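Both complexes shown next keep chain A, but they swap its partner, so chain B is in the first and chain C is in the second.
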Partner chain A sequence: MLAFAIRRIAASIPILLISSFVVFLLASLSGNPLDELLFRNPPPPPEVIALETERLRLDEPLLERYWLWLTGLFTGDFGPSVHSTLDIGAELTRRFIVTMRLIALAMLVAVVLAVVVGVVSAVKQYSKTDYTATFLGFLFLAMPSFWLAILLKQAGIDFNDAVGQQVIYTIGASSVIEPDGFWAKVADTAGHMVLPTISLALISYAAWSRYQRASMLEVMDSDYVRLARAKGLSNRRVMVRHALRNALIPLTTVTALDLAAIISGAVVTETVFQWRGMGDLLLTAIRDNDTYVVMAWLLVTATVVILFNLIADLLYAVLDPRIRYA
Partner chain B sequence: MPESPARPSAPAAGPTAPAPEREFTVAERSQFHLVRHRFLQHRLAVVSLGVLVALVLLAYVGGALWKYEPGQFTPDNSQPPSWDHPFGTDAVGKDQFAQVLRGTQISLQIAVLVALFSTLVGTIWGAVAGYFGRGVDTVMMRVSDLILTLPLLAVAAMLAHHFGGSWWLISLVIAGLYWAYVSRVSRGVVLSLREKEFIEAAKALGASNTRIILRHLVPNALGSIIVNATILVAIAILLETALSYLGFGVRPPDTSLGLLVSEAQTALTTRPWLFYFPGLFIILIALTINFIGDGLRDALDPRQTKVRA
Partner chain C sequence: MRRSRLGSLIAVTAAATMVLAACGGGGGAGGGQGDGAAGVFADCKENPNTCNSVPADQLQKGGQISFALEKDIQNWNITSAEGNVFETAMALKGVLPFTFVTQPDLTLAMNEDLLASAEQTSTSPQTIVYEIKPEAVWADGTPITADDFVYNWKVQNGRDCPTCAAATNSGYDQVQSVTGSNNGKTVTVVYSKPYTDWKNLWSSGAPLYPAHIAAQQGDLNTPEGLAAAFSYFEKTVPTYTGGAYRIENWQPNVALTTVPNPQWYGSTKPALDRVIFRIITDATQEPVALQNNEVQVIYPQPQVDLVQQVANIPNVSQYQGLGLTWEHFDLNLANPFLADEALRDAMFTATNRQDIIAKTVGQFNNEVGPMNSHMFVPGQPGYEDVVSETGHGNGDVEAARKILTDAGYTGAQEGQRLTRPDGQVVPPLRIRYTTGNAIRQNECELFASYMRPLGLDVQVVPTDDLGGTLNSGDYDIMVFAWVSSPFPFANAQQTWLSTSSSNFGKYNNPEVDRLLTEAASSTDEAAARDLLIQADRILSEDAYVLPLYQKPTFIAVQNSVANVRNNSSLDGPPYNIQEWGLRAG
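Now for the complex of A and B:
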């Protein structure tokens, strides 16, 4: 299994390299980082522009710039930002933690919700519960994530107004003045995460619960489940040990494949709740034509997606002993 | 249900004379009739189709007939919904009903163009890769994988920031990323079809590769492709509105449903009607398209209904 993991990581390195090159081309060609400086009024002296051109490596040819960026990565240098004081590596790390907290928790909530809803729907097929769950699933599938997030945010604000004090946090990833003490900080962060997590999880769970329902129905119809029943096992044991365990396998793949979509969803959710996370970093960088920040962002997310898919493949083998990676 | 019979040999009575009405007349049913029959039995899909057609008519015909132009300033500022302004007006007096209809037009146009374009490119790409296999397959699918590893929204935002503005450029940007998903589906279908006997027969008859792909593989994969394209319209609507919400999609003075929600979010407490109507239209469009896709799936591939609800 270790050999398999190493081989998979090795195989994904060329993909990362080529995709980083393609994105580098797109990002470099899609806007001039000096725009902000050039259109400033009064215009800055030509020396300043020349200095900036050199600092942003714009005087080098495109391939040379890519090579400098690539080799710089090994020394932990992500390249120069349009904002000369910004250290991309440090900023990205800080934002990455903020965003991954949200994504991890939302995915956990969404998976649990999807499994519970999917299994209940399958076991009680064609019941009122099933139809309600199916309808809700389709509704959340059709709902734009930002619309739901804005609604939840407004509901939080209304609730705070009704109670007369700040119970639910609706802006930011943590309070501007962070409270003292470790536990107070944890509580503060958790309070800020409630609404974004709910909105991201609700958007993500819908498709997964459909998969879970379909795979559970398929498994419940299989011979080994019938055999387990014939052996006289309790309904609970049949469902949990024999049916559910096998029905979980497709979901691991779907979850892993959807990670890129959830990252996109997180960008939108963060924007609604005004978090200073990865989403804000990316959108600001795109607006400023900040090539190297966009590159760092895409590199980190692509790596996370590839690693996550690897973990899903390994999980596959744990859930289904028939699959062996030699 | 009568099996679709073999085409009757040329009627002796001539093509114009109708066949005599007998107790056991077997009417010929084409594939199209069978599919239509099965689709019409899916009640939710039929209702959804009706709602969607009504929405499209409302957007295009209603939008043309409505007394206010989109973007036109009326003397009524911040009016709640009334007979004169069914969806109310915004802070500068723009009629929200006209705006929403215009936004629906733009959002639908983008979504349909994305679905058409990415289906066309993705289907052929996947079919070629799946049919030739080996090196061609590896290279072509790595290109698809490359696109699939990138968070769609990020790359779309980057490209749209540069090219953006007009609705068809945004469609091309989204489609330029989405065909990779379609190519995966189409490759999967073609891989299983490739080994079938009728492909072997076509090869034995000396059909060229182009002919086999276009005349034999693609038509047989058409069911999955159509279902996929339908669902793509719903996905594209959601992506376009998200892009416009973030400020990288359709830009003022033109409008889209996402842009309308974005403009309304700051006034949610004072002018809630501005926020709810465009959102409801997005949900209604995406929901009905998903249901239609579901009905089409059941109609085009009845084998799948065993597992699905």
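Now for the complex of A and C:
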């Protein structure tokens, strides 16, 4: 297992290098970070432009800039941001925590919902419940995440109007002036988290519930479940102990593999709800032509995705002995 | 059985559709018709400086206003190149003292809280004397004096601190000396060369940072000490204030919270408990935040959808002003074909500006009209129509053809190829715009359509790198915007002088150069203005740049908000932040 993990990690290094080089080229060639300064009226003195050009390494050839960035990583230097006061490493840490908080909660909600709805749909196949779940699943699957988020925001405002007070918030992760008292703070945090979490969770839930349903149906149709029933086990015991446990295996790996999709969904969710996570960092960096911040984002995100892919493979082997022994 | 399943599916579909429809319609139900351009801004067009006014004694005591800010604050030194950001300047308007500010009608006003007077006492050498009010102090009790003027001059003049990356040296580099008398409360500024825009120095765009705090960072008589202080102000969240508000809390990327400064010496004391600058980097989210009362003032760039969305929010007023930013078509005179004035003249004559406006910004603002000056925007003293008399921008294809025919061109017909008198066919021209800017793409496509009847093939080509494209001259026609200034004289030099780094189109007219130089170094503002108008007229006749329109600005507020109004200048609505309040009751 360890050798397998090491092999997978080693294989991911060239992928990281190639992707970082391609993104570096794209980010560097897509605009001039000094545009904002050059178009000021009056523009800054030429000496200032020269200083900035040097600080941002724009006077170096492209390949040299990439090499400097790459070698700098070994000393913890992520390169210069267009904002000279920005510490990219510290900013990444702060943003990563915000995004992970959003993603972890959304994934939890999505998994629980997907398992419950998938299992119920499978058990009650072709019932009204199944049709409703199927319809909603495909609806959320087809719905652009930004549109869903906008609908949710409007629903939140209508809810506030209905109850006559500010319960749901549409921007930020917490109020600027935090309320006094523990429960007031909890309510404030919940009021800020509910919409983005639902928004991000529903997109993943839609696909996962379909996986769970299909997987459950397959397991329920297997010989060992029939045998369990034939042995006289209760329906509940058959479902929970024999069917569900095995039906969860594919979902476990799909969940881990879907992390990249969730991170890209978080870019949209963070923008709509103005959370200052990794997604917001990426968009701001692209807007500012901030190449080294884009690269830092890529590095962290790619590493997380590769890590979760590895975890998915390992989990699969752990959960399904047939894979391990093969 | 099959029918029953189908029926169930239809029922589920219908129910879900109704749920979604209810969700989507929520905005309408909760919104209704807003107050639109009326409401608290009803008289802003007639009284831009006083609309939405409520006397201080009639305001609610306390409360807070949240103002949506579209950019994070990365650098706290507005006088630095990196920190000189519109949003940062707005957020610090209540914290840093300044000499002059631009009012909503785009005229300048002296900061009467800080200064008793600011006058030109001599023209040779040009000498300006500022009288600082005795009661003007920083929050720690240190008086605001000439020392503050001296420090801020030194870090911006390009001589005393070469490594201080100042936003501009313009004007400061012409100051010969800044001296204090009367315990520092009288500041005498002597210029080595007259500087017409002297009111721009230490104004709200480049406010005063405290010299006594700067002195704690190093010796202000050395470049190193000045650089250390300059850098300190860039990186440090201000704990100092010389304005009506002080910073209570800064949450990076989230919000700047300001509270009244107890040492505030101004005549109008803040009525609010707090002003919060809430960072919302996506303008499309601002109307929702306004509707949910998470912010009370928004100031985004107007778009059709955004304006309509705000109009549907109850108890919210909105207003569109016309700002200092103006859109224009630039020709590249380095192209030998465009070097011919007759061709340029014809191209601009065939261009229909009214049509362009109707199909772009006119969709959400019916006040926008063609702009007719290169030097001033409408409303600014000195604005004079110098474009209409040339016939440019009227979309007169026949007149354009006549110009070409008279100059010896042939083939000025749709489907033919325009040919110069020397027999050379005018090759396809490229008009460029910034990728992703839909309005500019429309403008370019319309321009290409106006050129077709003249036998000109104009190809629309976007660019990712506007600066690089302009600098390299990799264009024939470019559409972009200039930001005009309440300090037009130095601004005009930067934009139009043949030796300027901003002369992307290689325009060169010695007479214009002379007029601009003379205008920028005058001690008589009215005479300088006349010189700019003369230069403006020549620029129009030379058919180098065709002004299109002033870009609109947009403000929307909850109706409870008082004394907040549009200010389309670079000072923005917080220009009078000390007066902001909430309506009582």
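The rule is simple: the second predicted complex is superposed on the first by the 310 of 326 C-alpha atoms of A that agree within 3 Å, B and C clash if a C-alpha of one lies under 4 Å from a C-alpha of the other, contacts with A are read in each partner's own complex, and residues count from 1 in each chain.
Basically, contacts are C-beta pairs under 8 Å (C-beta built on N, C-alpha and C of every residue); 3 or more make two chains touch, one makes a residue touch a chain.
Here the structure is a predicted model, which means the values were calculated and not measured.
Student: Would you check which partner chain A:Y126 touches, where first means chain B only, second means chain C only, and both and neither mean what they say?
Tutor: After superposition on chain A, A:Y126 lies in contact with both partners, chain B and chain C.
Student: After lining up the shared chain so the two structures overlap, which partner does A:I306 touch, if you call chain B first and chain C second: first, second, both or neither?
Tutor: first
Student: Once chain A of both complexes is superposed, is A:L139 in touch with chain B (first), chain C (second), both, or neither?
Tutor: both
Student: Of the partners chain B and chain C, which touch A:E52 in the superposed model: first, second, both, neither?
Tutor: In the superposition, A:E52 contacts chain C only.
Student: After superposition on the shared chain, which partner residues are touched by A:S84: those of chain B (first), chain C (second), both, or neither?
Tutor: The answer is second: A:S84 touches chain C but not chain B.
Student: I'd like to know which partner A:T75 touches here: chain B for first, chain C for second, both or neither.
Tutor: Neither partner.
Student: A:Q165 contacts which: chain B (first), chain C (second), both, neither?
Tutor: neither
Student: Touching A:S264 in the superposition: chain B (first), chain C (second), both, neither?
Tutor: So A:S264 only meets chain B here.
Student: Between chain B and chain C, which residues of chain A are contacted by each of them?
Tutor: Touching chain B in the first complex and chain C in the second, residues 30-31, 126, 139, 150, 154, 157, 271-272, 283 of chain A appear in both lists.
Student: Residues of chain A touching chain B in their complex?
Tutor: My answer: residues 15-16, 18-19, 22-23, 26-27, 30-31, 125-126, 130, 134, 138-139, 141-147, 150, 154, 157, 213-214, 217-218, 221, 260-261, 263-264, 267-268, 271-272, 282-283, 286-287, 294, 297-298, 301-302, 305-306.
Student: Quick check: in the complex, which residue numbers of chain A touch chain C?
Tutor: Residues 29-32, 34-35, 37-48, 51-52, 83-86, 94, 126, 128, 131-132, 135-136, 139, 150-151, 153-158, 160-161, 166, 168-172, 176-177, 271-274, 276, 280, 283-284 of chain A touch chain C in their complex.
Student: Under the definition above, what is the set of chain B residues touching chain A in their complex?
Tutor: Residues 142, 145-146, 148-155, 157-159, 161-163, 234, 238, 241-242, 245-248, 258, 261-262, 265, 268-269, 275, 279, 282-287, 290-291, 307-309 of chain B touch chain A in their complex.
Student: Can you check the complex and tell me which residues of chain C touch chain A?
Tutor: Spelled out, the residues of chain C in touch with chain A are 5, 8-9, 12-13, 16, 20, 23-24, 26-27, 29-30, 64, 66, 72, 74-75, 81-82, 84, 158, 162-163, 165-170, 234-235, 249, 251-255, 257, 274, 276, 278-282, 285, 288-289, 291-294, 464-468, 471, 480, 482-485, 490-491, 494-495, 501-502.
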